Amino acid sequence: MVKLAEWRGKEIFRRYGIPVPKGRVVRSAAEADELLRSGALSLPLVVKAQVLAGGRGKGGAVKFASTPEELRAVVSGMLGMRFKDETVKELLLEPKVAVGRELYLSIALDRSAREPLLIASAQGGVDIESMADDQLLRIEVHPFAGLASYEKRQVATSFGLEPPASKELGNVLEAVWKAFQLEDAELVEINPLAVVDGHLLALDAKVVIEDDAGFRHPEYAEILDDRTPLEEIAREKEIAFVQLDGDIGVIANGAGLTMATLDVLAQFGGRPGVFLDLGGTDDPNKVTEAFLLMAKAHPSVVFLNIFGGVTRCDTVAKGLVAAMKLVPEEDRFPLVARIRGNNEDLGRQILQAAGITALSDLKASAQAVVAAERPRVAGKAPT
Amino acid sequence: MTVLVDSGTRVVVQGITGHQGTVHTVQMKLFGTQVVAGVTPGKGGSQVEGVPVFDSVAEAVAKTGANVSVIFVPAPFAKDAFFEAADAGIPLVVIVTEHIPFHDMLTMYYYGRLRGTRIIGPNCPGIAAPGKAKAGIIPNVVFRPGRVGVISRSGTLTYEIVNGIKEVGLGQSTCIGLGGDPVIGTTFVDALPLFDRDPDTDLLVLVGEIGGTAEEEAAEYIRHHFSKPVVAYIAGRSAPPGKRMGHAGAIIARGRGTAASKLSALQAAGATVADFPYDVPTLVAQRLKELGSR
Amino acid sequence: MTVLVDSGTRVVVQGITGHQGTVHTVQMKLFGTQVVAGVTPGKGGSQVEGVPVFDSVAEAVAKTGANVSVIFVPAPFAKDAFFEAADAGIPLVVIVTEHIPFHDMLTMYYYGRLRGTRIIGPNCPGIAAPGKAKAGIIPNVVFRPGRVGVISRSGTLTYEIVNGIKEVGLGQSTCIGLGGDPVIGTTFVDALPLFDRDPDTDLLVLVGEIGGTAEEEAAEYIRHHFSKPVVAYIAGRSAPPGKRMGHAGAIIARGRGTAASKLSALQAAGATVADFPYDVPTLVAQRLKELGSR
Amino acid sequence: MVKLAEWRGKEIFRRYGIPVPKGRVVRSAAEADELLRSGALSLPLVVKAQVLAGGRGKGGAVKFASTPEELRAVVSGMLGMRFKDETVKELLLEPKVAVGRELYLSIALDRSAREPLLIASAQGGVDIESMADDQLLRIEVHPFAGLASYEKRQVATSFGLEPPASKELGNVLEAVWKAFQLEDAELVEINPLAVVDGHLLALDAKVVIEDDAGFRHPEYAEILDDRTPLEEIAREKEIAFVQLDGDIGVIANGAGLTMATLDVLAQFGGRPGVFLDLGGTDDPNKVTEAFLLMAKAHPSVVFLNIFGGVTRCDTVAKGLVAAMKLVPEEDRFPLVARIRGNNEDLGRQILQAAGITALSDLKASAQAVVAAERPRVAGKAPT
């Protein structure tokens, strides 16, 4: 999932023909000064922090400036500020406009219907989750038919716009659909789609690109998303890694088994802190990397729970043994290992040779993990 | 008769010369499956583990009578591989490949419907009917012939549960791992009728996960149409609320998709709900006993 | 039971406020058809010949239970009108509109298959079951209830032949004018099984034309699957070789598509072939007599 | 059906990325001279008459020129010449190239399959109809899937090209498919697709656009096609009109009924000469136009055969009566009218009032027509 910053979303909108304000991105107060001086932008301006989290307006991440001094102060004050775990590094400067109505438009996947779903609301500008169901128009868009004209009429009727905005709507809808499809988006959202001087104008842009489509979109490869630093390292190593609140580290293979492992730990009072899914691999080095990554998270105990399929038990065992030699003394953690499935016996032998006893019963293993967590013993795995 | 695969199943492996393709060709054969052909463009005429390799699926079908394809080719080429299988008239395609963009899957799914080709997956462990055939990658060791059907959105968790069923002395009729991607070719609701009319299945184990609404829809189907006992397990009851997709995703799901919602829907539909994976086999044994079956 | 329409048919007319839409709404009603709704965007709330007009098909379906649509909207808007009908869940759509680009029809046809919507047409006279319902434009005067089914690629030629059947004292069960465009939603082969399993049809009249291979394919189907007597007429035996499409078209058809090819295929399939339109009723009466039916 | 001249087809090819020779169209020898003088073209050149019929090579409609004098002579000789009912008005001048292999590619609709059909042959350059079936590769292209990569590989395998041509083939195939779909074509054909200096080059272009898609393609509205002048007038009036070899004029409604009418006339020895289909109309003026058009073809007798549906009998009767007053004395023709169907009685009354007796039996009417043809009576309809 690659969430694009507002300004990148607006660049896409512009490319597909969705009207957006003529804004500029700045990364320093000097740049903002220069844009003003050269006439590229004129006051009054709205200054928007390019962070991915919502609630920017209330959170002080959107401000206005009417004089050069004000602009300098707002820009300097906003750059570098922290906003919900993100550091503000870029600002979008746009002309301040007189907003008439605010509408809502988005397309996302409806998994159950196996069709993209267009959502429209005549009451935009607010959090869509807070809207009543009867304020939302939902239109399934079949990928082979596209957005039909009759469906565009439905949206037009629900918006009840006057010309010229009413005439612009069809193009905006078509563009939203095309962008969703051709950019391999998970979400294209305009909130608000404003009416300004009678014309439609997208005042915000939320575009989320699907990771898996990266092979078609090298242009998104370098865009950072909203992962924590450890999660980012994991992404590079292609290991699914999620940080939670507890202190047990869980390494498993497969999302379902990983979740089930968390459930079982919770049953016995354990508090998982890091959730790490090896996925399907037959590379012991990847397993080693996973353990090294886990060590950096400083868990009080690590639970390795593997059911060997594509990822065979011997591969995991080899990777684990190699990791144990590489983890620095100060990062060592107690370990409970449970392995089942493909090459289970071989894996067990490899671990045994390194002094690690692998369990086989899930329930008993989970109880051992929670027991190991409680006393907070620092040291090696219970052998 | 079994569900989707049986002793008449003749498997063609697309991407057989790749590492996973070769490894699982061996495993499928060890399971007793007739793996009759492999396809890798440009490698026609060679052999992999005694299986003849062809340049195209059409050729493989013409020469070997293959009727199920298992796709291992990398994600960027998976859509094309599927088109080739569907155009060659193969009625069932198991897509093991992961990381296929969902936009591609939408196209594949509807194209398959037009061509009369069912997709299992993508990103799935596939199908196995012990004693008959396997089209996919579920480890052979977890199986034993029997009368319990299993459908699951998970991979390894399925192995865990199928293995548990074996360990209490029971066996499986057919097990299908549907895959956990946003768009899958065969959902719980699509697969349930197959198990309902399978005379070899006495009871169905349904393994779900949090997220999406597939389990709620399955519960609805079970409630109104499914005639056999169901034991269900949902993984993720302890997981914190996810952050996927943000607003629009939440709007689509509205109050569904949590473990609680899924569990209560399944219970209301008459399914027996297991709290933990290791509880599943015990509950299965219990329900079968009630049935007077074995 | 009849073929596709019966006394439970509830027609919505898309484009009802246009001239043809209005004229044929009256005619369908005079035939005894329940025309329950019309649709013209922006004219919702009005009435045409006592039929309520709605802004959308979905609304018409919700408020009137319409289950068959007849489309009269101009060609540039026909695809959209069809999408609307299919999305509203209407299972049968008769497209009277002519001059729809075949590229549009390809999209409509496959979309209809995915949505479970059958298309009759485009550029067709539609369906009529005397005494029950009519969804289309065939003149009412040619009909009389009876047990002869008629399928045809033609328009007025169909009227001519259906009228001939009436004039010898016989009647029709259902008559379908499929339309003569390059791509049609329902072909002879698609329609034949419907007549075969219709208990109200004793004999089928098939009216074809030169060009294409639809009649040859129909003959193939009749030969292997159709259980009732068939009387066939092919128009165009005296026509000079056409000049359509040039080379590629000729390659696709290769030696088929002529009157001779169609007639011999139909004869080989056991159909009775009429040389001229006015011979059809006599041959029908003869075959029915042989059947001992009336 | 709008058949495009070669140079227009090649313009489309260029737009979709299919390589074509750098040619220029001339309409006079002076233009050719000027192109040579300015360096826009250089000798040797191939001069191709822009006519729609095939067999140009053998028919002297394609010639070569190596000197300015030769070019002037070829251009002057070819312009204005008649080629299979067409007058040559435009010539395409292209650099003469050294042709290696000649391949064949086309896409047209397969009506039975309800899918476009791509045909490829490694033996291009000759008449495709003369090729054996086993020299043709046929690939159904589903409109929702497009041309799949594996299908492109099939073509590549059957062509067996070397690089760089082998690498260019995928793009050419994709372009042929896109042009077929996006231009609403009935046929896109490249014959030959030549290999020149190792690269692919489309040496000819046959593109046929579907008439019915005209509303999406105003750019084709003005292009004349291969109709005769009378057929062209008919097209403007939206009346289907075909000229045959006999002398009976047939006016009917609907293609099937019109063909059946011709069949019936032939049964009795009649020789139809003009075939005119009113289609569905409720405008008496259109019927009048049809009769006036028919009069221009000077038939020995006219058979009006109407089964009233959308086109009602009274409409036809009104139109006919009006026409009878407008047809000049010298263009008068004997008429047999047969009407059935919607508003038959009304139509019969209108004709009766104008002194025309309408028959109702098809067989008897046809016999009357043939009888009227035989004696070649000039005068009014048999009443």
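As written, the chains take the letters A, B, C and D, and residue 1 is the first residue of each chain.
In the analysis below, a residue touches a chain if its C-beta (ideal position, glycine included) is under 8 Å from a C-beta of that chain, and two chains touch if they have at least 3 such contacts.
Computed from a predicted structure; not experimentally measured.
S.K.: So which one's got more C-beta contacts, C-D or A-C?
M.R.: C-D
S.K.: State the chain with the largest centre-to-centre distance from chain C, centres being mean CA positions.
M.R.: Farthest by centroid: A.
S.K.: How far is the middle of chain A from the middle of chain B, if each middle is the mean of its Cα atoms, in Å?
M.R.: Here the centre of chain B sits 28 Å away from the centre of chain A.
S.K.: Nearest whole angstrom, what separates the Cα centre of chain B from the Cα centre of chain C?
M.R.: So the centroids are 43 Å from each other.
S.K.: Measuring centre to centre with CA averages, how many angstrom lie between chain A and chain C?
M.R.: 53
S.K.: Counting only residues that touch at least 2 other chains, which ones in chain A make the list?
M.R.: 142, 144
S.K.: Chain B: which residues touch two or more other chains?
M.R.: 107, 110, 114
S.K.: Chain pairs that touch, all of them, please.
M.R.: Inter-chain contacts occur between A-B, A-C, B-C, B-D, C-D.
S.K.: What part of chain A is in contact with chain C in the complex they form?
M.R.: For chain A paired with chain C, touching residues are 140, 142, 144-145, 148-150, 153-154, 157.
S.K.: For the complex, which residues does chain C have touching chain B?
M.R.: Per the touch definition, chain C meets chain B at residues 110, 113-114.
S.K.: Which residues of chain C touch chain A in their complex?
M.R.: Interface residues on the chain C side: 41, 55-57, 77, 80-81, 83-84, 87, 107, 110-111, 114.
S.K.: Applying the document's contact rule, which stretches of chain D touch chain C when the two form their complex?
M.R.: Answer in residue numbers: 1, 54, 106-112, 114-117, 119, 127-129, 133, 136, 142-144, 181, 184, 186-187, 189, 206, 208, 210-213, 215-216, 244-245, 252-257, 259-260, 262-267, 272, 279-280, 282, 306-311, 340-342, 344, 361-363.
S.K.: Under the definition above, what is the set of chain B residues touching chain A in their complex?
M.R.: The contact residues of chain B facing chain A are 19-20, 75-76, 98-104, 106-107, 109-110, 125, 137-139, 141-142, 152-160, 163, 180, 182-183, 207, 209-210, 212-214, 217, 233, 235-240, 244-252, 254, 275-278.
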